[in-house]
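Heads up, the next two complexes both have chain A, just with different partners, chain B and then chain C.
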Partner chain A sequence: MAKLKQDKSHEMGLHEEQLKGRTQQRFFSIDESENLTYFHSFDVDTSKSATIDALDMTPREINREIRALMEKGIGNITVDNPMSRHGVGVGILNRLNLTFSDSLGYFGCGLIDGPNVHIKGRVGWSCAENMMAGTVVIDGNAGSTFGAAIRGGDLVCKGSVGARTGIDQKGGTIIVGGKTGAFSGFMMQRGRMIILGDAGMNLGDSMYDGTIYVGGEVEDLGVDCVPGEMTELDIRYLTEKLGNYGMKAPNGVEKMQKYVSGKTLWNYDNLEPNEKKLIL
Partner chain B sequence: MCGIAGIIHKNAGKDVNIGEQMTAMLQALKHRGPDSTGYAMYGEDNGNHVVRFKVAEAADLEGSFDIHSAIEDRIAAVNTRMEDLGAKIVKKESATEYSHRYEIQFSGDMKKLADFVEDIEGVEILSIGNSLELIKDLGDAAEVSEQYGLNDFNGTHGIGHTRMATESDVDIRSAHPYWAYPFSDVSVVHNGQLTNYWTNRRALELKGHRFSSNCDSELIAVYIADRMNQGSDLETAMKDSVEYLDGVFTYLVATRDQLGMAKDVMAAKPMVVYEGDDMIALASEEVAIRTLFDHRIETFDPYHGEVKVWQN
Partner chain C sequence: MSNKEEEFVVGADGLDTDREKDIGQHIGYRYDVNLVPDLKFITPFLQKYIDKMGWKDLNWLEDVHMGYEEDQAAVFDRNINGWVTIPDSIKLPDNQQERDMIARELLIKFQMSENHPMVDLNNAYRKF
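And then the complex of A and B:
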């Protein structure tokens, strides 16, 4: 029998004898500098400012220009004429004051961790999707799936937003000055949502956890979303949080209604192991 | 994922260059679907009926040896059949070998004329109207507008579509807009998928309606046509359609003097509306509307199940 060529796959560690060790985890080395810094995050100085005119730039060029300025240590960036383009201002992982003087398209400021963004126009669908930390303030309206799956930070829209606001929200705060559409807080898992205007149908449908505060009328509640009791702490929280962004509940924060998960769908742990087997 | 756009001017008369405006909007939506582009635009009514029809698919020209003589035969048959029913052909134009535009004078039964002409193999009527010009072909907005000379088209309102073929083939037959056969001047563009298409199509076919393609969007045009045939107005028909149609959709309808939009109850498909004093512009994305302005604009997203109709 011909001898198999072994060397390459052995080098790649694909064979049992190398995988048998205590763990496959690579251990931290103090000598490799990337182990001590956050990938693609830059040390910026907020006293330095720069402006980008994005009139004839593609989204990729705008994002590269923002990165190039951050590499130079500029901490105050203004983008003029973003022209409602999609995917602009994404993937910023450090502190930065970023201002857009006009509207953004879809997926604006997605995947960010740290910057303070001010958008002076509106945003399209999926703004600040998967945000980890920082603040995003929008002066105009917003499209659907606003703040989808955010984990932290404050996402503020002073106008009205579309459907499925905060779908899959896992943390952070979403504040809406106007109305929201259908299925807001769908499958929400943690965090808070503050809606000062009306909410569309199926509010908080299948929410696992988290809190929704509504200032206006609710068209109807989704499955397993129930009214909660406003406490002293809620009122203090709302007053201070809204105060940070110069916003006010139309009838006062005391009149706002709180909604939480009824937890009646939380039955996945109540089954006996052999019942579980039957279902799975 | 298709792109749709619409525009209506309220006080400007009939001399606004909507051809150029629609092309700019549709070109900005090219990333939502590059397969085909279609326009339905409303301009001057000179008293004649405008008939737009095609005698072959664009792809047919390459596949067959005798297609050119077949096309000539079909055109001759269209001419004879129109004249047989008493239609007087005033003007003949053609942008390509397969797509033609006739201006006719005709006072008889429009459905009969349409059926008789479409009975010829390979012939499909794209639209009949007094002010409607319905153009659709493969390629992006820049190519189609260049081919058909649309950039100097003046009118009051129009709707358009860039298509990503998901439910049926890439051909002109399945391209939007759809004319609401046999009603002159009614057209539809749609972005989405209809899940009760076959059930409803069978029911409408039993009533005697015609479907020229397998594209689910055609159902909207035929349904609106059916409802208007029963005497309901556009807004009522559109409100009922939100219940009647199952699936995810946003669609636009245009008639001689109206432009309407409807959104499904899940609000699953996008639409952005700009409402100015003189003009209303709608598109799947704001990036399209923004091409018409050199300053910041206020726009909003309509909510689930919302129906809006604007009058010219």
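And then the complex of A and C:
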């Protein structure tokens, strides 16, 4: 019989805890300390800078070097010559200012939680997929599935983006300065998408919730995506948000069109088990 | 309607759509997911947090709202995939925007605390 691996979690007793009869409800403690960063994050100083020349480095080496610099407390990192490599700048769960002096390939800056990233070029597919928090600003254009499954933070492309922007978006704000392709906001569940240019076919197809603002023309709407009513708070929010990135709606924020879910696809409820019984 | 916290969020009966009326229950999030934040209600602690992170607005906290769990006000913590209940000792205002700011502040204090469950998980399973 195979022997179970005795790792650190066993030593910590995480496998001996009795879960039966315990509530999973958690309560805030009023006495929590006012720490501003994750307990496990590196304490970096944004006045300390370093540069990585990535010309002859593999993506793994680049990511390790970024991490090594953060461990040394450097909070301002520039990566020169990224050479459109895939999967760089990923998994950074820290406060950090990170600049790429040129374009990235696929899956750049995915799974990040906190850093402020500036890419002085273009990006390939799935930039900032599963992003949790922070900002990512791209000066050029972006490929398809831009911000796939993003959970939080601001993802900004000052140019145009490909198809299926924000597919499965679960939070955060995606801002596109130019046009966006077909099926943008597909299966969107939460968050905001701000498109200053035109949107391709099937915008917001099967969106469960969330909001899409469009400044240009929409080719057509997807299933269950319907026009919403723009409020004074929306206008104020959009003005502030776009102003943060030096962007403006071509015809003014007031002229932007808002789209929301029609909620006709909402079928998740307690009847489901009963319905299943009837069917079975 | 089961309790006042639920009533505060989803309205008197919580049944807006035909589908909700049909099944007699509210469907969806336990807060208005599309409510954008009003920065005039930001708290000093939150301002300190976003300054530290180098952001100009609430960033990911825009998606944090005060909802309810059981019969108490609560905020959803995505890092533990569960609701964290607001103690009764905290008096909550009637304005959702102000309630959301309180939820954001408490959530940050909870997530950044050494008592957060992620700290143990991190120590136990972190690979590098």
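Note that the second predicted complex is superposed on the first by the 231 of 280 C-alpha atoms of A that agree within 3 Å, B and C clash if a C-alpha of one lies under 4 Å from a C-alpha of the other, contacts with A are read in each partner's own complex, and residues count from 1 in each chain.
Methods note: a contact is a pair of C-beta atoms (placed from the backbone, for glycine too) under 8 Å apart; a residue touches a chain by one contact, two chains touch by 3 or more.
Here the structure is a predicted model, which means the values were calculated and not measured.
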Dominant contact partner of chain A by residue count, chain C or chain B: C
Contacts of A:D205 with chain B and chain C, given as first, second, both or neither: neither
Which superposed partner A:N141 touches (first chain B, second chain C, both, neither): first
First, second, both or neither for A:D168, with chain B first and chain C second: neither
Contacts of A:E129 with chain B and chain C, given as first, second, both or neither: neither
Footprint overlap on chain A, comparing chain B with chain C: none
Touching residues (chain side chain A, partner chain C) in the complex: 7-9, 12, 14, 24-30, 32-40, 46, 95, 97, 114, 116, 132-135, 151-154, 171-173, 190-192, 209-211, 233-234, 236-237, 240-241, 244, 260, 263-264, 266-271
Residues on chain C engaged by chain A in the complex (per definition of touch): 17, 19, 23, 25, 27-29, 33-34, 36-39, 45, 48-49, 52-57, 59-60, 62-63, 69-70, 77-78, 80, 82-87, 89-90, 106, 108-116, 118-120, 122-126
Sites on chain A touched by chain B in the complex: 83-86, 101-103, 105-106, 120-122, 124-125, 140-141, 143-144, 159-164, 179, 181-183, 200-201
Touching residues (chain side chain B, partner chain A) in the complex: 265-268, 270, 272, 285-287, 289-290, 296-301, 303-304
